[in-house]
Each structure stands twice: as structure tokens, then as C-alpha cells.
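After this come two complexes, each holding chain A, first together with chain B and then together with chain C.
Entry: the complex of A and B
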């Protein structure tokens, strides 16, 4: 099997290397990829969309359909993880630790859960005492990470950034809560229902802006038609910002859904 | 000699071919499913590298128009001054798809492990033929 795989890999690599000879030189401004459509984008995107970041302009305006279905792909990935892994059977035994004394309580299935608070805390199979340094550093860092994520989303029209990037950063900050404390703390702060609704809202915001453009008499995602509502000034940039916010919400929610479902094998009780 | 010259002038393409073949080999030959998924990830990264290197132009800067925006007093924008934004857009979405496929692949691996207590392909095949 290994020899066969090596032969296949060598053959494919050889063919690709042979084909490389026909490809345009690296960094050639006259290469086919940089000579037709992309020149139009570079030279006219600023006057057509008022957005200096050409990547955002192409992503959210010229190729708006593509990005909309991309967001739908992300939503479907979250949905697939949920449907594959989610397990609603409650765990048989629960373990709690009485904080002042350090006594561990073993609660059977029929006894019902104990309220976790100052007196009791949750215990996992491989429980280690919560590290004060890690918890404190995360508590200080997380607000800054979230503000940076919002900046990346909001400033995506003018500097590198956008909905996908900002959404991933925001999702990472939420995942950090789960890693620094435990999974139950994360679930308590951001419930599963909240995440599911938000991942759908993100896609709906995107589609809703497109439909709003249609209601105003234009084509789907023709942001220029929104000017009676939001004013003439930088209207396409505003439309793109709205779309990017939708993308950011969806990506944030889906990142956390994927993380929570994979680390806890769908039981949402214990994980990394 | 010809091959050496090719590698020297177009080493970006050679690098992506090397990365892509590493990923392809891992996907075919590795026995562990997680290693196969990692191979798929390397393969996708190779394609991202290929596209981004296509968009590169000599003596050009990132595709964000410089200067005073939105007042209609722009100097002429030359296409040769900015690198091609289109491959960047395509790869931005490809990265998102690769994250999504990675997540779903991991979920499938977790599910397989729950059912068969193994991720090794030959053991899985043995378990399946037992039934």
C-alpha cells in the first residue's frame, strides 16, 4: 500500500511539475490571472463601491452570492456537527466537590443535580484544580480579544479584516472561556439555544439585506438601492458592513458549536 | 539543467507541489483516520499557497487603495501597483470551507471512535468484516 501510494504521488507530482513549465512566471504583472477581471476590480472598485479594501469589495459586493452561500456552508458545518454528535442522554453519575472542605460528593442518577456556586463546584473525570493564574489572565484578556474582533469586523472595509476573520477571533475568545475554566461554565454563559439561534441569525442578516435591496426595487444584494433608508454617503460600504456583521455572527456561533460538540462528544458536560 | 532552471524561477509552484504531494501521500498511505484528516488539511493549504502566489505581482503592494478616500480626488489607480485581489478573495472563502470540512471530519472521527473504539483503518475493516 505504501509503495503504491508513493508511486501514485511521484507520478502526480511529476505531471504537475511538468505542467509548471507552461505556467506564467512568478510575480508577472501580465499573467492571465492578473490581466482581465482583476484589473477592472483594482481600477474601478473604489469609484464603484467606495471601499478601499479591494478584497472586501470583491468579497461582499462583486461576489456577494458566493459569500452568501459560503456563510451557508459554515452554517451547515455547525449543523452537521450538531446532528452527528449531540447526545441528549444525561450522564449517569455526577461528581461535585465541596469547596471549603475538599470533600467529593458522588451523586447518583436519581438524586438530581446540586446547585453549583460558591459552595460546590463541578468535577470531571480528569479534574484538576482551577489554576488561578490561567483564570485571571483569561479574564483580563478576553474583553480585549473581543473588542479586537469587533474592530476587525467593523473596519473590514478600510483595512485588512472582515466578517470571517473577526468571527473566528470572537469565537476563539469564547472557546478560551471553555479552556480556561471548564465546559459547563461556557455552556452556562452561552447556552446551546443561543448559539443555534445566532448561527441562523447570521445567515438571515445576510439574506435579509439582499431581500431588502429587492424590496427597495433593485437586484438581490444591490446595496445602492438602500440609499433612501441610510442616505447616499458610502451606501455600498454600509451595505457591506451589514453583510460582514451577519457573516461574523454566523462564524462565531458555528466555531463555538463545533468546539463544544467535539470536545464533549456531544454531551455538553465535560471536555477540555 | 532545464529542470533546475524551472525550479529556480518558479519555486513557488514547486513548493506547492511538494506540499500537495505530502498531503496526498498522507491521505492514501496513512492508516490512522486523524492522520488522513491532517493530510487533507495540508492538501488544502497547498492549494491556498498556489492561489495566493498566483496573485502576486512584482513591485506591488497589498490590495488596499492608499490615500484620501471617498472625496473623488484620487490620482489614477494603476493595476500594476496593487496585487491581484481575486485569488485572495477565493482563498478567504476556501479557508472557511477548510475549517468547516475539518470540523465535520473531526465529528465523524469522534463518532467512529465511539462506535468501534479505534481510528486505525485496518482494525476498522476487521471489525466491519466480523459482522
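Entry: the complex of A and C
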């Protein structure tokens, strides 16, 4: 079986390599890709969309419809993770550790999470003492990562970046809280309901801007029509920024949903 | 024009890819996938596709590695075959 698989892989790889020979050379000006549509984008994107970053102009304006459904796909990924993995059965045993003395309380009845005050902390079965170095480094780094993520979203019109990347970086900073402390701290700060609502809000912001353009009398996602509300100045860039913010919110929430569900087997109690 | 960098990075990509499928420890595979994504990110950057490189660095090398590690943490660390 392994030999067969190896032969199939080699054959497919050979076919792909053979097919690559027919592709136009890298940066070939005579290739079909760079002789029709690209020229229009390169020559007219700045005056048509007022956005210096061509990639953002194509993704969020010329092909805004495409990006909208990409956001919906990300949302569906989060939804699928939730539906497949989420396990609502309560955990039987709860452990609480009294911080000053180190005494561990073992609560056997499933009373749910108990409010134990500041002197106690939640414990997992595979609890290890929190590492001061990791905690401190994360505490210092996380604000900078989050500011950078916001910058990536807000500056996506002018430099590489945008909603997807910024959202992923912001989600990574939230995941970092979970890794540096424990999963319960993360869930206490950002509840499941909050994440679910925000992942939907992100998609709705995107669609809402498109619908708003329709209400103002234009086509779906025709940002130019928003000028009576937001003014004429750089209106298309502004519309794209709104769309990117929607993408960023959705991606952030979905990243955290996926991480929390995978790492705790859907129980939302113990994690990495 | 950047062919020496291209060549070095491509060699790394191939070696890491082979290593990732031949290593038996799945945690190492997760880390190798992160390294693979980072090399691909360098490759995109050399080709001038900075946006793609950025996405690859954030998604491929960053978050997906964390997802892989989380999945390995919850399943088994050794592969059967």
C-alpha cells in the first residue's frame, strides 16, 4: 500500500512538474495574466479607488464580493469547529488551590464553577506552577502585539496587511493569554457568547456596508455611494477600511473559537 | 536577480517538507510545518508578493502552528505508520 501511494505521489508530482513547463515565466509581460486585467488595475486603481495598495484595492473593492464570502468561509470554519467539538457535559471534578498555603480543594459534585474569591485559583489535572518569566514576557508583549494588529488592519490600505492578517495577529495575542496563564483565565476574560456574537458581527459589518451602499442607490459594495453620509473625501478607501474592520473582527473571534475548542476538546475547562 | 536567496530558501523548503513527513514525533512535525511556512513566507517576500508573505507569516507560521500543537496535545504524540 505504501509503495502504491509513493508511486501515485511521484506520478502526480511528475505531471504537475510537466504542467509547470507550460506556464509563462515569472514576471513575463506577455503572459495573459499581465496583458489584460492587471494593466487596468495598475493604471487606474489609484484614481478609481484612492487606495495606494493595489492588493487591497483588488481584494476589497474590485473583488469585494469574493472577499465577503471568504469572510463567510472563515465564519463557517469557526461554526464547524464549535458544532463538531463543543461538549456541554459538565466536568465532574473541580480543583481549587489556595494560593498562600498551596492546599488543594477537590470538589467532587458537579456544582459548576464555584466563585471562590481571590485567594483560590482554578487548577487543572496537569497543573504546573505558573512560570513568572513566561507570564511577565506575555504581559509585556501582548499590548504591543494588539496595537500592531490594529495598525495592520487600519493601515491595510497603504501597506501590506488588512483585515485577515490583523485579525489573525489579534487572535494570536488572545491565544497567548491562554497559553501564558491558563484556559480558564482566557475564557473568563472573553466568554464564549462574546466570541460567537463577534464572529457573526464581523460578517454582518461587511454585508451591512454592502447593503448600505444598495440603500443609498448604488450596487452592492459600491462604496462611492456612501459619500452623502461620510463625505466625498477618500470615500472608497473609507468603505474598504470599514469592510476590513469587519473582516478583522470575524477572524479574531474565529481564531480564538477554534483554539479554545481544539485545546480543551470542547469542554472549555482545561487547556494547554 | 535574487537567485542565490531563492535557491537557498527553496532547498530549505524541500528539506523541511521531507523532514516533516518522515519524522515520527507529531509535535516535531507541527514545528517543522511552522518552519516550512516561514520559508515559504521568505520565498513570497523575495518574489515581491509582500501581502501573501504577510499572510503566510501570520496564519501559516503563527496561528496554524498553535492549532497543530493544540491538536497534538489532545490526541497522541506518536504516529502509527
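The definition used in the following text is that the second predicted complex is superposed on the first by the 265 of 272 C-alpha atoms of A that agree within 3 Å, B and C clash if a C-alpha of one lies under 4 Å from a C-alpha of the other, contacts with A are read in each partner's own complex, and residues count from 1 in each chain.
Criterion: a residue touches a chain if its C-beta (ideal position, glycine included) is under 8 Å from a C-beta of that chain, and two chains touch if they have at least 3 such contacts.
Only a predicted model underlies this, so the values are computations on that prediction, with no experimental measurement involved.
Under the clash rule set out above, the superposition-derived model of chain A with chain B and chain C shows the two partners fitting side by side.
With both structures placed on the common chain, the touch criterion links A:21 to chain B but leaves chain C unconnected. Note on chain A: of its two partners chain C and chain B, the one contacting more of its residues is B. In the superposed model, A:164 makes contact with both chain B and chain C. Applying the stated contact rule after C-alpha superposition, one finds that A:265 touches each of chain B and chain C. Contact with neither chain B nor chain C is seen for A:204 once the two complexes are overlaid on the shared chain.
Applying the stated contact rule after C-alpha superposition, one finds that A:55 touches each of chain B and chain C.
With chain A used for the fit, chain A forms the apex of an angle whose arms reach the C-alpha centres of chain B and chain C; rounded to a multiple of 10, it measures 30°. Contact with neither chain B nor chain C is seen for A:196 once the two complexes are overlaid on the shared chain.
Once chain A of one complex is fitted onto chain A of the other, the partner contacts of A:154 are absent, as it touches neither chain B nor chain C.
By the touch criterion stated above, A:116 is placed in contact with neither chain B nor chain C. Once both complexes are placed on a shared chain A, the shortest Cα to Cα gap between chain B and chain C comes to 5 Å. Of the residues of chain A, those at positions 2, 26, 53, 55, 160, 162, 164, 168, 258, 262, 265 touch chain B in one of the two structures and chain C in the other.
Note for the complex: chain B touches chain A at residues 3, 6, 9-14, 17-18, 20-21, 24-25, 28-29, 53-58, 60, 62-66, 69-70, 72, 74, 77-80, 82-89, 92-93, 95-97, 99-101, 103-104, 106-108, 110-111, 114.
Chain A makes touch with chain B in their complex at residues 1-2, 4-6, 8-10, 12-13, 16-17, 20-21, 23, 25-29, 31, 33-34, 37-39, 41-43, 45-47, 50, 52-55, 57-59, 63, 66-67, 70, 73-74, 76-78, 80-81, 84-85, 158-160, 162, 164, 168, 234, 251, 254, 258, 261-262, 265-266.
The touching residues of chain A, when paired with chain C in their complex, are 2, 26, 53, 55-56, 152, 160-162, 164-165, 168-169, 171-172, 175, 179, 255, 258-259, 262-263, 265, 271-272.
Residues of chain C touching chain A in their complex: 47, 50-51, 53-55, 58-59, 62-63, 66-67, 69-71, 73-74, 81.
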